[in-house]
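Below: the structure, in structure tokens.
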Amino acid sequence: MSEKQKVILDPHFRRMDEIFSPRDRDRLYSLADIVWGRDEPMPLDQFMEALPDADVIICAEWRYGDVLPLAKKLRAIISVAGAFPLTLDHAYCFAHHIRVLSIAPTFARQVAEMSLGMAIAACREITIGDRAFRNHTEQYLHAGNTSTFMMYGRPAGFIGYGSIARELQKLLAPFSMPVMAYDPWLTDGFIRSQGARPVSLDELLTTAQFVFVLAAPTVENRAFLDRPHLERLQQDAVVVLMSRAHVVDFDALTDLVLAERIRLATDVLPTEPLPADHPIRHAKHAILSAHRAGSVREGLHEIGDMVTDDLEAILRGLPPQRLPTLQPELSTRYAPIVVPKPDEE
Amino acid sequence: MSEKQKVILDPHFRRMDEIFSPRDRDRLYSLADIVWGRDEPMPLDQFMEALPDADVIICAEWRYGDVLPLAKKLRAIISVAGAFPLTLDHAYCFAHHIRVLSIAPTFARQVAEMSLGMAIAACREITIGDRAFRNHTEQYLHAGNTSTFMMYGRPAGFIGYGSIARELQKLLAPFSMPVMAYDPWLTDGFIRSQGARPVSLDELLTTAQFVFVLAAPTVENRAFLDRPHLERLQQDAVVVLMSRAHVVDFDALTDLVLAERIRLATDVLPTEPLPADHPIRHAKHAILSAHRAGSVREGLHEIGDMVTDDLEAILRGLPPQRLPTLQPELSTRYAPIVVPKPDEE
Amino acid sequence: MSEKQKVILDPHFRRMDEIFSPRDRDRLYSLADIVWGRDEPMPLDQFMEALPDADVIICAEWRYGDVLPLAKKLRAIISVAGAFPLTLDHAYCFAHHIRVLSIAPTFARQVAEMSLGMAIAACREITIGDRAFRNHTEQYLHAGNTSTFMMYGRPAGFIGYGSIARELQKLLAPFSMPVMAYDPWLTDGFIRSQGARPVSLDELLTTAQFVFVLAAPTVENRAFLDRPHLERLQQDAVVVLMSRAHVVDFDALTDLVLAERIRLATDVLPTEPLPADHPIRHAKHAILSAHRAGSVREGLHEIGDMVTDDLEAILRGLPPQRLPTLQPELSTRYAPIVVPKPDEE
Amino acid sequence: MSEKQKVILDPHFRRMDEIFSPRDRDRLYSLADIVWGRDEPMPLDQFMEALPDADVIICAEWRYGDVLPLAKKLRAIISVAGAFPLTLDHAYCFAHHIRVLSIAPTFARQVAEMSLGMAIAACREITIGDRAFRNHTEQYLHAGNTSTFMMYGRPAGFIGYGSIARELQKLLAPFSMPVMAYDPWLTDGFIRSQGARPVSLDELLTTAQFVFVLAAPTVENRAFLDRPHLERLQQDAVVVLMSRAHVVDFDALTDLVLAERIRLATDVLPTEPLPADHPIRHAKHAILSAHRAGSVREGLHEIGDMVTDDLEAILRGLPPQRLPTLQPELSTRYAPIVVPKPDEE
């Protein structure tokens, strides 16, 4: 009789029912012998006891130290945090053929949807128009449209062409927008094969009407969208900043928005919470969101869905199919990011 | 030598350069002998002088009286106002094979875009989230997402399935939403042929998460969305009201929004301007727009584009192809609507 | 109590169960008081007896003579033959607001599917390759691909841009083919609005790799694709001839195919049956079909589906929505075509 | 000054200009120091000399023996043959982080196109109809359509859901066919995420009207479509056999086609060339192609395109993006296949 394989499941800072729907939780328990599987952080002694026989570990960050040599059967570590765990010994994993998986793609749909909504809100002035009613200053008809414009047909640029960009590209398709992309981690050929035009950062900034900043933070891209770059943007360009404030000179961005040179829709801020006196709070053409694009409750169930699917694949002796595996070429190039933990707010 | 056909062009309350791009204006003058073609209202005596020989009249509303019997060659009247001109003698036109055309479809794209933007803003709480920053009450991450939800996969319902709905359906396609439609002027077979599910008004109201109210005002549909109907809506249903306040009991709608039973995104208001003390102005889950969805400046050039295309068709002896012709079955069923005139604001 | 409206239903040469599914037949009888509704031709005396009270007539060709003045309530004549009935008094119909409807669009899907299948068969040499096996001359792998090519990315041209072309355009969309169209009955603006590029006949013939001939026969287009035009085609252009041999110089076409200048896939022939000794029968690069593209049995139920839908619309006092109404501008320009009648073969 | 990296390029049995367009050849030489790069097989002594310093090897099959330990810098082996090279020491590659890449996806578009063309030809009887003209037995109109049917709306099943299936799925999308897939190497969750319905083999065989057999040959699937399985197919099911005859009991298939129980469109044969007296050669409802679906000349340039793109990625220190990397879970499960070599015919 075949014995079930063993899976350590320690999702904390996430909660079990937050990420696993009842159906996925049932699948999980039928697929494997689940160890722990509770909301509280797994006590280290229990973790160490389970480690030697574990086939797969599902955790948030890697907070267990340099213990991998004790794992004799381990084939995969799946992080539910939101990025590849950087405190893990990647070299050991590569040498021992332990896959490291990230759930980053589970956020693609909700962030893409928010990006589109904020982009339309910026060009059609939905927040401005609504604010006007609350201030009794609304302007009707054409008088309320002196500076609005449409998305249809306007050039869109993606800075960072990963899973969010590719999901957003599907949402933009019916608007017939020429789509260009800049991503130094991808070849022109790949970008072209996905239906986007690969361009230089300079061409993107000077020609796109909608600039979607979706680049994951890396050790190379801190504040690479600096003042000189931002100043190249077109008048009334809409900057939709969704990845991390890490990649942009936020002061320069703020200046340009206050000067009404460009429009900003941002889900991320240079420090969170944002200081009370930050001038962007009162900029007419800013739309501000408090790191909410990737935290819709129902969206979290996509984590459980994809994790369970790939757990099934791995336990059946197949490669994972829905989540990306950490690649040796890139493993040293990700920047540590502060993973949002709702219970610390 | 073939003489050019004669076209009376009296677009007032619209302006020539507002609706005709330079390219379309050139096309216009090369297609026909254009009479008037100025922003000011055409003097009636000049109109009467040109009428007998006119092949086509392009005007806004019909303000010329009962003069059609004097038109000996007239084949089409194209209104640039936004709806079929109701002060015109339709019976005479049908009897004498004079086509009456409306530019209503030129608004489809801009209204569809605004509808989508407002719908996302409502479920993802984009205006609420932005307002919070301005009030220093923003909530980060999951704390800011306690009542948000996504569009993906949620059922959408169209009340009124005309050109706006069909354009919006294209924009919704990537969200994999089941689409249903209610339109008493259409057969189930037609609705089904367009990829939507024909449903009763009751089924739509009780099952759609997003309810797009796009019905043109008719003599039959005044306030047909009354309190009992609105009360059938699901908790947190998003009502996107884009056609006319005419079709809804706005007081009932306001009550439901204030009670946080439903969410409202509306481009139209029971009276415009809205009274300063109307309670909807301060409803948390209302997104208000001052009749701005169909008045984007660049969108007006679509009027000139379609009008010129169909003028070309008519002058070449072909049926019009882009604008709808008034149909005898429906001509008495449209309700008069106050056409927005920017210069009267 | 409201009495049912009266509909004369005389579909001969078509058969009732051939065009009406059981579901549509039930709908039909519940919508109206159906007179006749049998496969045999309706006796003229019964027709004349029913005519004065008939609201709608559904027939194949118009074989009843000049009797319309006796119809006192008639609002529509729906022909199930395949084109507008040309023996009918169109002027009388226009003057008396009797709509004349054609079921031509019901053929769009099946003809589009066949067009695509024959086009792929031509460029990938599916019939040639299969024939080779039967002759024991098949060539494997690259040796069997010395003159094949793919559809992906190649320019496609539509000659005639009606319902078949627009359906075919949907099928071609995943092949990323630039699409151009030539249709003298349409404006450039309309063609462009449908996502195709309007071009001159000359540009189409010299630049398209796949030329789909879909033009309905008119009094103007007999053999307009004459030898000089056809000689302008590119080497190995694939001509897919689907509308009528009427529009092309078939001898010139045959010569070019025999000379291996172009490839032909045709569903229509200059005379049907084709003479036994016609040289096209043995041309290597011809794919021949015996007027079968629009005669798939299951496709005929689309006739019943659309006819019943529009009958419902008309009886409810609405304009028809799925079938086109004869337009006064074009009514004298259609050429008589021999409607295929299966029971005469 | 940075020195160029070294790439061994030994494409034989393929030819340089067959797979590399002039543009890609230029890219290749600008990216790296190319060693060999000729049509003839690289002499082994030259290979051994270049091996120690080679960063990447591009070859067809692995005919160099057990020499990998001599490669000191090797990061990738890219096979242009058509499948992962099975004579290579996979374990060594995994242990030393040498990626092994296959060009299999470059065939997806041309095979998908051929699959669609043959499927339409089968249900619409395009080869049968054309053959009839050559035999003077053609039947016109409905008489020629007694056993045809349409693709629109019919259920399609993929056996094997890899790159060809996913490309074909795009081509089938406009036909509104419910799509199901059976693939034991994939999870239900992944299949569902791609818009197909995961089903058991049994459900697929009994419910699909079009069965696309696209499974790569593995050590597990030899003749798994045996007689009992094939007998479960629906009357007139269309089997489109594109991967390898390996996976099917071809005798049983032949019997069913000759008995007119099912229809067959096949690009592969149990032995190639097919024996002259094989009865499938004269089956009415068979469409035969001599392993030509993946050998269109222009399609071979997609090999060069993707190889050059991924060479660029690897040399820039990035993971490959267009071609799949051999995965340890599957590396022992592929069956050896005879790679078609055109120059051996």
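Just so it is clear, A, B, C and D label the chains in written order, and each chain counts residues from 1 on its own.
Rule of thumb we're sticking to: a residue touches a chain if its C-beta (ideal position, glycine included) is under 8 Å from a C-beta of that chain, and two chains touch if they have at least 3 such contacts.
None of these values were measured; they are calculated from a predicted model.
Matching the C-alpha atoms of chain A with those of chain B calls for a turn of 180 degrees, to the nearest 5. Because chain B and chain C share one sequence, their contact can be compared position by position; here over half of the interface residue numbers appear on both sides.
Taking the CA centroid of chain B as reference, the farthest chain centroid is that of D. As a whole-number value, the distance joining the C-alpha centres of chain B and chain C reads 35 Å. Chain A and chain C have CA centres that are 51 Å apart. Within chain D, no positions touching two or more other chains are listed. Taken chain by chain, the contacts form a single closed ring in which each chain touches exactly two others.
Pairwise chain contacts present here: A-B, A-D, B-C, C-D [touch as defined].
Within the complex formed with chain C, the chain B residues making contact are 94, 97, 185-190, 193, 305-306, 308-310, 312-313, 316-319, 321-322, 327-330.
Put simply, chain B touches chain A in their complex at residues 109-110, 113-114, 116-118, 120-121, 124-127, 129-134, 136, 138-146, 148-152, 170-171, 173-175, 272-274, 276, 281-282, 286-293, 295-299, 340, 342, 345.
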